[in-house]
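In the two complexes below, chain A is the common chain; its partner is chain B in one and chain C in the other.
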Partner chain A sequence: MSTLPAPTLLQAIGGFCVLAQKTAQTRLTYRLAMLVTLLASAFAYCVFLLVWEEVYRQNPHAGPLSREQMLGYLVIAFLVNTMLILNVESRFLQRVRMGLVAIDLVRPLGFVFVQLAQATGDLMVNAFYAVPIYVVGLAFAGPALYPASWLAAVLGSVSVALAFLVGFGVSYLIVQASFVLQSGYGVLFARAALHQVFSGLSAPLVMFPPPLRRVAAWLPFRHEIETPARLWLGQASLAEAPSLLLQQAAWGVGLVLAGELIFRAVMHRHQIQGG
Partner chain B sequence: MVPAILVENLGKTYTRRKRKAGFWAGLRAYLSTASERVAAVTELSFRIERGESVGLIGENGAGKSTTVKMLTGILVPSEGRVETLGVVPWRERRRLAQNMGVVFGQKPQILWDIPARESFRLLKAMYAIPNEVFRFTYDEAVERLELGEFLDTPVRLLSLGQRMRCDLAASLLHAPAVAFLDEPTIGLDVLVKERVREHLIEMRRRFGTTIVLTTHDLKDISATCERLLVLDRGRLLYDGSRQGFEERFAHGRTLLVELGSEADASTRSALEHELAGDEVTFVWDTPHRLRVECARSASAPKVTASVLEHLHVADLAVHGAELDAIVTRLYRTAKAPA
Partner chain C sequence: MHALRFYSTLYRTALKSVAEYRVDFAVGIVTAVAMQLAALAFYWVIFARTPALGGWSPGQVLLLFGFTAMVLGLSEATLNGIWWLPYYILDGQLDRLLTFPVNSLAFVLLSRPELHSFGNFAAGALSVAVAFHSVSAPWYALLLLPLWIVAGAVIYTGVLVLVGALTFRIVGPWVTHLFTVHQLFNTSRYPISIYPRWLHVLVLYVVPFGAAIFVPADYLRGHGSLWQAVLVPPLAALAVAFAAKTAWDAALRGYQSTGS
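Entry: the complex of A and B
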């Protein structure tokens, strides 16, 4: 009788990478749908930019940021947002409805790593779609999109990686909610609304009224977009950078661990739909 | 040696909200917290040794799929003990997954949007399947299940039968020590079913894979399993060899008689009168074709002799009960009020 030994760490990483790659391949299947999504997002981003253009045209001192800083921030925010739109929840909700979670649960990679690998696949495709946004953004904001320095570029890139972990952590919690509620659409919409407001996608948090800023400080969403954008553009000081990166890492790891704890508890009471 | 599967007093109870049909009942259910406990599996005990091939059968809702999900670690039992390959499945699901293959007939396990070949490569990496094992299992699956012509077609464009074959191949690629196959032949034509059965037999011969097969097609069981577990409403109705099952429950015989000339009413009546005390049923399919159902196999010789004496027989055959017929009768008996 044959038994396969457990994969070594290197083999497990290999499996993770291949799953990420195949997920990316899957995403690329629906080219037209992706193009429509990209165009719709580009349209929304352009509207945002035009609104802020108009705000600064009417009042050049509308906020603590100059017009150039503002436009630079918004384009980088859009860019990071595009890269970090992960399909973790939508993919999972569909699988919950069809009872396909059963298949995910019998993979040797482990449930959380299967989700993380698929999210990595999403990131790979999104990075590809982010390129035209950067190019079009250059037309709007020009050199305002460049990193403030080499160090800022490194810090910003590390921060994007950590923002991915934070985004995945939030998604993983939504996935657990889907397990509990058997349909996570309500939580998903709540997450989208919170993300839209508190991530700094529509405006940097310094533009927010103080009470909202205080709320945002206690939520993970700003670390998905505002933190990497500020670090890249040098809008956060070098002294602030270690603390910001640590906060991101803490949120990312904390959210994933919290999701994993809930997952273990949920496994005791969940049911598989569809027999 | 640690058995492949050990189950002792296993039970699974679900809680579900009470609902009635209709809009107003739905609205009331929305506001109500009333729920009920449903026992899907109750006090199940059995042991499956390594290398065995076991058919798990039962009517819809008998608890087969729930049992398989507890054995694979997908569901946590409400009570009792379960071990698969020596580990508690739901506690060590990842460790178990490395040596377990699973097919859920209704749930595709290969990626929907890319060709099956790509999914097979993914599984090779994910399970870290050694090259020599993969070479055998992949080639065997491609050849035996005739996957070659659609390996490069996206799975969403495949027919149900083609997809099922890919799913089965995917579940056995890593030559698992134990394979749980829940309806692996659903939607397949007879020829393909035959190939699937051959594939299972070959995998078992080559790797000693323990097979737990859940199916409504009892020909799958006849072809691949030596042992049967029959479930009814969450309880074990029978656990033993397939042959023993047939001997225990297949008491009857059927005589199929082709007549050279039509029998008149008095001849028929005389025959039926002569065999009146032998628990036989006469079914005239056509004036030239008679089926005689004997409730006891022992009465078959007497019935045959009487038929030959009274009728002008052109051809005659005696059949034992098929597994399907026995199981159907068993289900009916289990359902009948005591």
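Entry: the complex of A and C
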């Protein structure tokens, strides 16, 4: 059996962009479903806000952050989370079960880059939805959502890009699990649970009890939400910023490489389902 | 009697088919426990910052967490099939089902038990057991626990069916409308007193999750009456079940196949 020749760099970049664009178009096809999901998520998140509102009502000095800082943090955390909801695993789980993964495995772009391109498409659509969320957030939280300075805005934006890489790295690891399990939904939900606690989505780590904070510090999830939110709001000092960005980059690259190593090992024993 | 035997066989068969994949079963259980632990971690964060929430002590809030997880677990273990309705409609499975001499709603609900439900139920039961020591309820109040959990599961599933009936009109491969119900259900984890008035009304009277969770928990902490705790959950469950069956039948009358 002959194999296709590897694409040139320009062809690969072109293919990557087309795949990202097509993924975004597919996502936009289901606009109503996405809007309802977004509203449901926003509602669920409002429960967190109401819980924190009650905590600060009972104890105005509940932690190192003031009520206004906490509100600003939570809205920005929700915004970053919305931007980084990637459908990598859910899209792939379906394809494994239907046997369509055979097509993904022979694409000239390479398996990891196909997944990354599709994740980029997700990010493009999510960024589009993030704008109205920020506007609505501004109406409620006002200046608490502004970046601390121009530099903080730049650092926060770079951090969001690196957070995308970390999020993709975690998703790519879960994709490997779906090669082994009949249904990867279990692992998918486990990731969601870990993400909810340790990413800082429901509270910044500084509000955590020390044992929980220590566990969170050793996991990559905080670099998906907390790090970009703190950098944007200036809650992390400028001296901390290079270290935080480096940690994010290291986690992102490390997770993708780990996923790629597992992928190569899994491919030795994987059988394609007939659909 | 014959119908009961039929649905019992249907359920056991469905359970066997999903339990066939043992690794998935184990992962499902671990996952469900992880998700409950995630919820409890937030509980820990909150009570590290405040001694009470909306007038409820940590033990009393834990009771709400436990009830919510047990109700969710029971519904997922027995009546979970509504989550698959969009896909049944899309690929034509519902058309075939409608030719069977069975109750289509019961068949759909019983056809897809969810494995991770056992983890949710177990984690919830453990939370209730721990929390029960911190409330001033008599021991015999625990005898009412099955009534509350069954009523809660019927209410949760009933609301899912009410909203799921929209699937007959808005055909597509999504469950986002059901996900919205699930998110609303999660409000049961926290005291109703922290929510704005409109949300009180919504979760107590319109989609009455609170009837089977807040009302019993309020009684257990010594605030509500026994009669309310005994009567309100089953009455709310009956009302929601009736509304769900009516909505399902009405939606089915207007059903047009996708032709798959």
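One rule holds for everything that comes next: the second predicted complex is superposed on the first by the 267 of 275 C-alpha atoms of A that agree within 3 Å, B and C clash if a C-alpha of one lies under 4 Å from a C-alpha of the other, contacts with A are read in each partner's own complex, and residues count from 1 in each chain.
One rule holds in what follows: a contact is a pair of C-beta atoms (placed from the backbone, for glycine too) under 8 Å apart; a residue touches a chain by one contact, two chains touch by 3 or more.
All values derive from a computational prediction rather than experimental measurement.
Asker: By the touch definition at the top of the document, which applies to A:A6: first (chain B), second (chain C), both, or neither?
Answerer: In the superposition, A:A6 touches chain B alone.
Asker: A:A217 in the overlay: touching chain B, chain C, both, or neither? Say first, second, both or neither.
Answerer: neither
Asker: Report for A:F43: first if it touches chain B alone, second if chain C alone, otherwise both or neither.
Answerer: second
Asker: Using the touch definition from the top, say if A:G99 reaches chain B (first), chain C (second), both or neither.
Answerer: Touch partner of A:G99: chain B, not chain C.
Asker: Contact-wise, after the overlay, does A:L261 reach chain B, chain C, both or neither (first, second, both, neither)?
Answerer: It touches nothing on chain B or chain C.
Asker: A:L238 contacts which: chain B (first), chain C (second), both, neither?
Answerer: Neither chain B nor chain C is touched by A:L238.
Asker: Once the shared chain is lined up, is A:L246 touching chain B (first), chain C (second), both, or neither of them?
Answerer: A:L246 sits against neither chain B nor chain C.
Asker: Would you please give the residues of chain A that touch chain B in one complex and also touch chain C in the other complex?
Answerer: The overlap between the chain B and chain C interfaces on chain A comprises residues 30.
Asker: With touch defined as at the start, can you tell me which chain C residues reach chain A in the complex?
Answerer: 21, 23-24, 27-28, 30-32, 34-35, 37-38, 41-42, 44-46, 48-54, 115-116, 170, 172, 174, 176-177, 179-180, 183-184, 186-187, 190, 194-196
Asker: Spell out the residues on chain A that touch chain C in their complex, using ranges where they run on.
Answerer: Listed in rising order, the residues are 30, 32-34, 36-37, 39-41, 43-44, 47-48, 50-51, 53-55, 58-59, 62-63, 180-183, 186-187, 189-190, 192-194, 196-197, 202-203, 207-209, 212.
Asker: In the complex formed with chain A, which residues of chain B make contact?
Answerer: 14, 50-51, 65, 69, 72-76, 85, 90, 93-95, 97-100, 102, 104, 106-109, 111-114, 118-119, 121-122, 125-130, 133, 154, 174-177, 207-210
Asker: Could you pull out which chain A residues touch chain B in their complex?
Answerer: 1-8, 11-12, 14-15, 17-19, 22, 25-26, 29-30, 98-100, 102-103, 105-110, 267-272, 274-275
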